[in-house]
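Next come two complexes, and both contain chain A; in the first it sits with chain B, in the second with chain C.
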Partner chain A sequence: MKRNQVISAIIAVVFIILPLVVTSDYYRHLAILALMWVVIGGSWNLLAGYTGQISFGHAIFFGTGAYTAGILADKLGTSAWLGMALGGFTAVLAGLVIGFICFRLRGPYFALATIAAGEICRLIAVNWESLTNGMVGVLLIQTFRSKLPYYYVALALAAASLLVFNLVMKSKWGFYFVSIREDQDAAESLGINAALYKNLSLAISAFFTGTAGAFYMNYMAFIDPEVVFSLPYISIMAILVAIIGGVATIWGPAVGALIMVGIQETFRSAIFGLAPKWVSQSHALVFGLMVIFVILYLANGVVGDWPKIKRLVVRSR
Partner chain B sequence: MVGASMAFFEAQEIGKTFGGLKALSDVSFTVNQGEIFGLIGPNGAGKTTIFNLINHYYPLTSGDILFKGKSIKGMKTYQICHLGIGRTFQVVKPLKRLTVLENVMASAFCRVNTFKEARELALDTLEFCNLMSEKEKPAKSLPIAGRKRLEITRALATQPELLLLDETAAGLNPAELDEAIELILKMRDKGVTIIIIEHLMKVIMTISDRIHCINYGRTIAEGTPAEVANNPEVIEAYLGESYA
Partner chain C sequence: MTVFFQTLVSGILIGGIYALIGMGMTLIMGVMGIINLAHGQLMMVAMYITFVAYTFFHLDPYLSLFVAMPCLFFLGVAIQKFLLNPLMEVETIIPQNQVLMTVGIAIVLTEIARFIFSSTYRSVTTSYTGKVFFLGGISFNVAMTVAFLFAVTLTIVLFWFLLKTDLGRSIRATAQDKEAAILMGVNSRRITIITYGLGAALVASAGSLLIPIFYLFPDIGRPFTTKAFVITILGGMGSTVGAIFGGLTLGIAESMGATYIGMSYKEMVGLIIFLLVLIFLPGGLKRLTKV
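Right after this comes the complex of A and B.
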């Protein structure tokens, strides 16, 4: 308990100091994206890893949050930061609608329904042009020119999400989430209102994902439906972040976010310009290979299987 | 308090139809507070169906169920648990990847709200059920006797007034069987009313105050263990007509 707190504090200090040491805008940008994915991966993990409701639709919440901030600023002229405060709540509303419909299904059927829901949301954003500008997207003017403020907002968001997930998982709610994952029928007979707690888990998950989406709008200053409602680049990426890092662990998705953003960028930039250009097209392939590797050798992710990794390293020495 | 005229638990002509199949028809019985009430019958007679109706695993087709004088018809499974009716499953349903302690804590949260209180209640219940030595083990590592015991411990941690035990003795060896009987009697002495489904005559005949026997979804006998054991219809259902 104490040791964990010390480690958390050290990590926090390192991340607070990091952008002061790393002054390159490019690396700061990567750090901001990684922190954003810490939030999204952790959110997915709460719903899927802990509560057992596998979602292929987290882009719904990300996109809803992003468009909340974007539309408020674009149509009503309010600050996009107001949108960031509200993005989480609109995502929760979207989540409750999705939950109302999809939670009637269990297991793989729920997962399939979330894919459909995600694609429906993307198509709505594409076609409801009067509200979303359709494929033209929403363009804002960034509040800050420096990356530094964005970095600290992202860091605060990531820290808040980790803190909340940690507190939730140590409480009654956490026990109930895991019980539902393990056996929903047994959970019900032990007095657990499965419908209520699945929706609570979904609401928390959607809140942080939506806030991350609204932050993305603020930071990138441009969104379109194919970016923020993307099945591969948001929904699937959220799953990969959690799986690579370690499903149903607090720190897993955080570690997974750093790894995934690092790998994605390494390949997207064709190993920082050193490799031929076709390598930049191959990051999806590398993701695929990584998932296969993790499933075969580290089924619990990097954090979940950390003792195993440590043993291997010690033995090979 | 339960009034003299009001039964503690009452099933009134309960029936269940699955499609065209009548699984249960017009079964009625009352259970008094503090007794162990046995429910017997050949395989497929509808015993587990009765439990599934009581805790609303699925809805009643006909009839009504009263707990402490109030109808629980239409209440949700989790609400029935909060009301004070716990149950165990014949096919045990441990929360596999959680430890034994965490399993019991999850159910203790039915009555308390903080981590600390849930832990205390869970530890007390584990102590009561003699499962303390296993508390840090993952539930999936327990052998069948341990899993059955965990099933009871977990149900008990929801602090039920009425406990439904579904074949908790099945699959146990003689030594484990004696321990199971001891635990059931200990729970009764603590004030928990018990309805038990059991195939093992050694168990059901020794611990039950009264027994209700059903066959093909209908009541065929009810009475003390001795009365039921000597009832020709019961003997016929169990051993065939030539023995009756």
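Right after this comes the complex of A and C.
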């Protein structure tokens, strides 16, 4: 227990000092994105990894949060940071609606329903032009020119999310969540209100994803439906981040976020400009191949499969 | 009133092809219990095969049906054998990794197509493209009508295969009760492979039939994956008859939506039906018949 706290403190200090050492805007940008994915991956992990409700629709919450911030700033002229405070709550509202519809279904059917819900949200955002500007998207002016403030906001968000997930999983709720994942009927027969706890898990998950979405709006200053409601690049990415790191572990998604953003950027920048240009055009292909590779060989993630990886490395020596 | 009947006719015509797409999906769903989110993308591959056959060998799209279907059958077999079946042995906390795998396959297929053919819109212009004939004041698109007739024929052949042949019966047995089928001596692994190939071949036929009507670009797969998915839920998971009615319903609903609500809401109609089915009729049309 004590050892874990020391390690957490060291990691926190490293991340606080990091942007002061790394002054390149490009690497700071990568760090900000990675921290944002720590939040989203962790949120997905809470709902899917711990509670067993595999969501293919986390883009719903991300997009709702982003559009909350964007529309408030664009139509009402408020600060986009107000949107960041509210984005999480609108995402929870969206989550309750989704939960009402989709929690009637179990297992794979739930997963399918979330895909459809995600597509519906994307189409609404495309077609409701008076509110969302449709495909034109929402454009804001960034508050800060330096990346530093954004970095610390993202870091605070990531730290808060990890703290909350950790607390929740150590509380009674956490045990209820896991029991629902393991066997919903058995959990209900022991007096656990499965519908309530599934919705709670969804609400916490949606809150952090929505806040991350609102942060994205603030940071990138531009969103359109295809970006924030994207099935592959938000919903699937969230799943991938959690899987590559380790499902149902607190640190797994955090590690996964660093790995995924690292790999994606390596290819997007064509291995830092060393490789020919077509490599950078293939980053979507690499993303698809990553999905296949990870599921085939690393299904429990770096953290979950750590003993397996260790054994492989030791044996090969 | 003519507008209504015109809308109905075009809905039924496209619905026949949707049924073809949906039946492939529902077969896979029935046997393996997973939804194949690469379904539309498989169709996209078939469409590119047809396109290449037409541009370079001047093969009529309806003849390339017999090229595209075997090609996609083997592609499907390879996908099931090397990518989906190995997942059965991987132990994980989340059971949906086969679905996730199909998403990965979908992305890879789309991007490979983009790599080879770029994102340019392409089309196949045949002698019958855009031709119509009239029957009782209602216009029929020639290409659509031919496609519909092909779809009906293929459906009949499929049903004959499922009901009368040994292999077809094994597929139905596996879909009904996998354990019992294995105990009866059905090689369930082989059946999953054949079923995926069959599903891919069916959607390939839809691709070849649609190419004189639709523009072709790498991302065309995605809306069709969504449609196949809606049809499967609407018809009841794993029900082939349900898929036919699901396909027709979706086709009619879409063309009604396009005529009476607005073209841009066409895509949304299917998804709204999907949600309504989930809320009011979980289990789909299959539930109504109790078959």
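We take it that the second predicted complex is superposed on the first by the 298 of 317 C-alpha atoms of A that agree within 3 Å, B and C clash if a C-alpha of one lies under 4 Å from a C-alpha of the other, contacts with A are read in each partner's own complex, and residues count from 1 in each chain.
By our rule, a contact is a pair of C-beta atoms (placed from the backbone, for glycine too) under 8 Å apart; a residue touches a chain by one contact, two chains touch by 3 or more.
Just so it is clear, the structure is predicted and the values come from calculations on it, not from any experiment.
Enquirer: Which partner, chain B or chain C, is in contact with more residues of chain A?
Expert: Comparing touch counts on chain A for chain B and chain C gives C.
Enquirer: Touching A:101, do we find chain B (first), chain C (second), both, or neither?
Expert: Touch status of A:101: second partner only.
Enquirer: Go through the superposed model and pick first if A:289 touches only chain B, second if only chain C, both, or neither.
Expert: After superposition on chain A, A:289 lies in contact with chain C alone.
Enquirer: Scan A:112 for contacts with chain B and chain C and give back first, second, both or neither.
Expert: In the superposition, A:112 contacts chain C only.
Enquirer: Between chain B (first) and chain C (second), which does A:192 come into contact with in this model arrangement: first, second, both, or neither?
Expert: first
Enquirer: Per the contact definition in the header, classify A:300: touching chain B only (first), chain C only (second), both, or neither.
Expert: second
Enquirer: Just checking: does A:133 make contact with chain B only, chain C only, both, or neither of them? Give me first, second, both or neither.
Expert: Neither partner.
Enquirer: Which positions of chain A sit in both the chain B and the chain C interface?
Expert: Comparing the two interfaces on chain A, one with chain B and one with chain C, no residues are shared.
Enquirer: Hey, which residues of chain C end up touching chain A in the complex?
Expert: Where chain C meets chain A, its residues are 33-35, 37, 83, 86-87, 90-97, 99-101, 103-108, 110-112, 114-115, 226, 229-230, 233, 237, 264-265, 267-268, 271-272, 274-275, 278-279, 282.
Enquirer: Which chain A residues qualify as touching chain B in the complex?
Expert: 170-172, 175-176, 178-179, 182-183, 185-194
Enquirer: Report the residues of chain A in contact with chain C in the complex, numbered from low to high.
Expert: Touch residues, chain A against chain C: 48-49, 52, 54, 56, 101-102, 104-105, 107-109, 111-113, 115-117, 119-120, 123-124, 126-127, 181, 231-232, 236, 239, 243, 247-248, 281-282, 284-285, 287-292, 295-296, 299-300, 304.
Enquirer: Contact residues on chain B for chain A in the complex?
Expert: Residues 55, 57, 76-78, 81-82, 86-87, 89, 93-98, 102, 105-107, 109-110, 113-115, 118, 154-155, 158.
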